[in-house]
């Protein structure tokens, strides 16, 4: 039998695919985790935006921590015009905030309030099919958990989410939070990393009273990945990883 | 397409705007966090006071930990005469303490006791409109949380607060508490930083049995900010940041 | 406008007022915190005793951890004769222990058992007015909290206590407990420092198998205070701070 | 009496049997633990796959964190064709995921939803007998615990599981999770290691901003095992341990 | 007024009284705390035994962790014949264990099962009066707490106990437990030290793979005590403190 | 009066009795604690086996974590034939596992399911009397605690167990678990060490990426024991302690 070759999805993040043998495995679900201010949302949106811009792959963004309009405005500072691809049907943003905060949503895609996990998954599934998406972002897992209000089932919810995403065939990026990864805790609930097939950590290290950003691939199934900490920056064009740089 | 340019709000804190490319992004909500005695309240009031004094922008201060009259007196020690701008309609202070402690409030603006999150937001909204405020301070988040008495919903409350503030168009500073930021925990509830678009940490570092103050911008959306720790002082004119200083 | 000048209350603790620009701001409430055996009770009583002895200011001591008679006896070892000033109407001690432990109190001022926060505040208010007190000590906050038996409201209780004390115009010292201040936790409940306008930490540092006492002003509103750790001793005349000493 | 000689089961992991005097004791239950991304699932599957391929021993894999089809695909990247041995009746995979996530299973062996510990054990027992299995993998213990939803009985469940497995005579590998083994906590619930007869830790150590993998046998009954940390790699042929290598 | 002189109670522990200016203050209650195996029970019994033997002061021992007969036997290894002084009416041992474990007590003084705090205090009071005791030992506080089964009131129980003991006029030693005093937690419940007037810590420090015993007076009201760590040993004659020794 | 001489029970562990002045005090109860894989069960069984083999003292083993048959098989790897002494009536093993896991026990002595603490103690008492045992092992305390399902009473259960064992006159070894003894927590529940009269810690220390075993006597009533950490090994003849060895 010939050795099985895994299809790779280019991430659109300069320098990053080199660490993964070409990109994420097609169809996999990757957790992006780290403390606040490390660029998780930027990473996730870049994955979908560059998918549309550079590789012609439609993508869906589920935004649960800020409204679609706020996200669009912010991304303009990187020169990313999400609206343009939305109009072309290449990107869809699902507004998961307006209903929660009691404001009417002017978005095409918006989650109702009071949804359960099935309702959530069904809606996402429908939008993915609607634009024939190949990429998906959910920002963030803790916001789903809060919505469902039953933390002790978070593992089951994630298991279900992961499996459905695999079933859809999309390559997905989910974000979560890690207060202090250096002390071993690399996710909010301590379970996200175990039910995910890939884990990318964005973190900070202090050097001469300055915090330096670094990225570490902690886990990536079907991939012989590097286990080194690589420096990255948030430039005016988005995230750039330096595979030959040093963080110290 | 031309690159989108973010409008900046000058903070009125000498030296600080240089770290942010000119100031906070207009309309954003910034979390100011740190241990006790680091100057969070001073930072927040300075933002509103200097807005009125130097930039002609009206501002609202919601004070939940001390009465308006006590705040006014304290700020006099910096030479800041809040009363003067209140009389000119450029500053409004909402007294959130008197009703809780069972004292009658002699303030023009005061929160009733027993308010829920909607009532709180509605009242703030009304005062913001009343003086056409461009700046807002809420001091502090834990005091809101206590008032609402349901800690586990703090994330949702903050999400709602953030969104309403964005909707109002004001640039806001919210304060919270962090016992020991060096160990990764930079907020009281561990969620404030994730739902905020900007996070400024005021902290202390020990050098030769003396505690030195420093400031760190941990996160600022739409902004290529420095990640360095800068020394600052609480002078008799308020907070001054030293962008070229060293904390060690 | 002339710069506002804060009136200072001399503490009666040799060396200490120098760190504060002359003393506590008149009318403020100061938290004195630290591990066991650091001298918090001595500090608090010295503040009231010296107020009466040196500055002619009447003072009230609310003792919740030992009976008035035990406190009096202990203070005799510093040569402080509380009884004398009590008879002159310059000091009043409120016995908050006897009723709790089921013993009859022979004190002039004693708290009943089963009191709530309003009852507590009302009684203290009455005694303050009775002797026209300018200074007040409550030793300690955790004992109030235990009495009220609803820890989750401790923040509100403290907010109310602080405000009432400001309203009374007395300058107050409240004591609380901090197991291990070096690790960031500087109070029993983690909230006392945030609702107080001043925080003084009494702590220990080990040097050559000996524990050395030091004092640190962590916070003092309306005051440009030092942030250095100063050595202090408990001498046979009470606490003495050494503003030019070194703890290492 | 002659000294009793323990029969050894070769693990199929190059270099590893040397640390154990030839392999696991026949019939024992071994816990494989460690943080995310250390190769626990690969270790476990390799044990069963190589058992079938190299030693002619049938094996059962209970997969509770990903579907059988996802596991098969992943293992192809190591050149391991599970399907082939399944068709030969040498490997059986029990799908424990589909029913939980509400998808129909197309697998020959699949757990029903809502099973209790007896049901779980009975089903596993039946499949073991069906293919006359000598090896068994359960990936992972936390997923069993979640399914049974009564964490406080996890010790009893594990005791029962261990005993039944001993009774079946299979040599078993169970996986669990350890956030930060360096701080003493080497399992998810803190009890797995005590009821297991063998414990193998897969962990990471940082050296020059790179995480290095190492393996440590923490416990192995009936075995005079090494207590050293050995480097290992996840190569394109699976896990390889280097008994003469150095991790630093 | 002449300086008040505190009467001292000699502890009977060689070398120790030197650290305290002659002994414990008469009538005070001292907490003896530390990890297991540091000699707390020996310290406490030595205080009572030597009181009877050397200073003619009768004493009561309340033993809540082992039966009177077991305590007696153990103390014989120091050459202390408790029985002899019991027969002379100089020492009384209250057996607090037999009733709890369901065995009949053959002791003259024994606590009934199911006692509440009042019953406990009343019984102790009665025995103290019976032999006209000047010294009292309670070994240990956690055992009282367990008996009363309401941990959240432990502070109040201790406050009551302390006050009653002061009222009785006896000088008392209470033992409690501290897992790891180096990290700031010096008692089981974190409150014992605050309601006690004296705190003596018995602890261990590692030097060259050997644990060395040391003693530290953390607090002693009415006493200018040393804050140094002194070595001590448990010799065949009981505890001996070395005021001029070094622990490192 | 002549100095009381404590009778010593030889442990049968080479090198160990030297640290204790000849052995455990006759009739005492000793806690053996430590992390997983340190040899606690081996230590405990060796104590009973060697008692029968070398000193002619009958012994009882209560096995609560593995079945009697599994224990017997394991111990054969040290050349210890428990069965032989069982047949001679010198050793009795009480199977505490079979009933819990729902398997019929073929053992002569087996605990019923659903037993309470009285039932447990009564059964053990009966077997001890049956073979006139002088030594007893209970492996382990956490398994008793789980069986009784009321963790908050664990202290009382242990107190009762200890007292009954003293009453029986047997010398006992009880095992418990300690995740990370270096950080001060040397038992599972934090209470076992306080109600035991002796505590032996088996732990690991890392030296050059290898874990080294060491033993420390933390407490032993009636015994002037060493407080040094001694290396030990699990050889093919069982545990051997090296009183003159170094662990570093």
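General remarks:
Each chain carries a letter (A, B, C, D, E and F) given by its place in the written order, and its residues are counted from 1.
We take it that contacts are C-beta pairs under 8 Å (C-beta built on N, C-alpha and C of every residue); 3 or more make two chains touch, one makes a residue touch a chain.
Each chain and its UniProt protein: A, B, C, D, E, F = ATPase.
Remember, it's a predicted structure, so these values are computed and weren't measured experimentally.
Shared contact partners of chain E and chain F do not exist in this assembly. The chain with its Cα centre farthest from the Cα centre of chain C is D. Averaged C-alpha coordinates give centres for chain C and chain D that are 60 Å from one another.
Inter-chain centre distance (chain D to chain F, centres taken as mean C-alpha positions): 30 Å. In terms of their C-alpha centroids, the spacing between chain D and chain E amounts to 52 Å. The residues of chain B that reach two or more other chains are 183, listed in rising order. If you sketch which chains touch which, the chains form one closed loop in which each chain touches exactly two neighbours.
A single ring links the chains, and its order as traced from chain E towards chain F is E, F, D, A, B, C. Contact residues on chain F toward chain E in their complex (touch as defined above): 1, 3-4, 6, 118, 155-156, 159-160, 162-164, 166-167, 183-186, 190-191, 193-195, 197, 199, 214, 216, 218-224, 226-229, 246-248. For chain C in complex with chain E, the residues that touch the partner chain are 35-37, 65-67, 70, 73-74, 76-77, 79, 81, 97-98, 100-103, 140, 142-143, 146, 177, 179-180, 182-183, 204, 209-213, 234-236.
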